[in-house]
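Chain naming follows the written order as A, B and C, and within any one chain the residues start at number 1.
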Amino acid sequence: MNITDTVQDLVKKSGIQDGLCLCNAMHISASVFINDNEPGLHHDYEQWLEKLSPHAPISQYRHNETGEDNADAHLKRQIMGREVVVAITEGKLDFGPWEQIFYGEFDGRRRKRVMVKIIGE
Amino acid sequence: MNITDTVQDLVKKSGIQDGLCLCNAMHISASVFINDNEPGLHHDYEQWLEKLSPHAPISQYRHNETGEDNADAHLKRQIMGREVVVAITEGKLDFGPWEQIFYGEFDGRRRKRVMVKIIGE
Amino acid sequence: MNITDTVQDLVKKSGIQDGLCLCNAMHISASVFINDNEPGLHHDYEQWLEKLSPHAPISQYRHNETGEDNADAHLKRQIMGREVVVAITEGKLDFGPWEQIFYGEFDGRRRKRVMVKIIGE
């Protein structure tokens, strides 16, 4: 889910011209990450993460003995990361040419929430 | 090792009401990361990291030719990350429902040290 | 590519004594990361990343159907991370004993650019 415009709007509303913007998933089976806005790549991420940390068999993870079945989502999130910190210059997210911010959910059972914190002057 | 309370205490002592808290491992074979406070999951992380970057045979890593045997720890740390940046709101770490901060050591031969830097107002 | 001295120079020029330094790759197939300044280890990273996300066959990645052949570079960058945030204390990068900042390019076809943003007082 591309959240770049939402974050950019929040930066604009904050009035901050020069500073840092922290953007993190509030859920521990999810990630906020920066990469290309290209659906094929997002498909590749899903396939690749499933290869590195397969969902099934769920019995392979001790976390799932607690009654959960989402241990793999906690692993996938560590690869993709929890947060990004983006520079703010002249009131805007100071990005490289293809940088876009995404929210990735690897479990899917929770309502999506992202923390955006903007500091500067 | 759960360091959430220690970091929270430092935020309180700083008097900062609104800002950012950087928390990073000072050792390059260790991580500071945010995830669930559930021992089964931590066991799963260890197993999974060992699968993705096995310790043995130590001869598979060129770094170990320097006399070290911890090349795998430097790899594991990249998956888990070096640092977290957490928002501070109303004088507290502004967490999602299950977020807790952990220090993970993948080598184990050094004294544990974590940097906590708090900025804001 | 070790960029520690360049970043340290920018911190010095900024005059900031106490704050945070964000340092991120501006390209989405590249990373800025902190680890050991040891060439053997850097070789190990390359081998390991190639094992976890092989370049070939390029047809295994849907992203490459767009005419690119660098899907693997976008995956490798997620493992190594986009950015680091480093504490600044007394006008210097506040590092652990072996911490050094590196730029890692996994595609190699673009001009290297890194964002350095320094805030504080």
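Quick note on the criterion: a residue touches a chain if its C-beta (ideal position, glycine included) is under 8 Å from a C-beta of that chain, and two chains touch if they have at least 3 such contacts.
The model shown is predicted, which means the values in this text are computed figures rather than measured ones.
*Asks:* Same or different interface residues for subunit A and subunit B, judged by whether over half of the residue numbers are used by both?
*Replies:* different
*Asks:* Can you work out the rotation angle that lays subunit A over subunit C using Cα coordinates, in steps of 5 degrees?
*Replies:* 120
*Asks:* Between subunit A and subunit B, what is the gap in Å from one C-alpha centre to the other?
*Replies:* Computed from C-alpha means, the inter-chain centre distance equals 18 Å.
*Asks:* Would you mind listing the residues of subunit C that make contact with two or more other chains?
*Replies:* As it turns out, subunit C has residues touching two or more other chains at 20, 52, 79, 81, 85, 119.
*Asks:* Which positions of subunit A touch subunit B when the two form their complex?
*Replies:* 20, 22, 24-28, 52-53, 61-66, 71, 74-75, 77-79, 81-83, 85, 113, 115, 117, 119
*Asks:* Would you pull the subunit C residues touching subunit B in the complex into a rising list?
*Replies:* 18-20, 33-36, 38, 40-41, 43-45, 48, 52, 79-81, 84-87, 89, 94-99, 119-120
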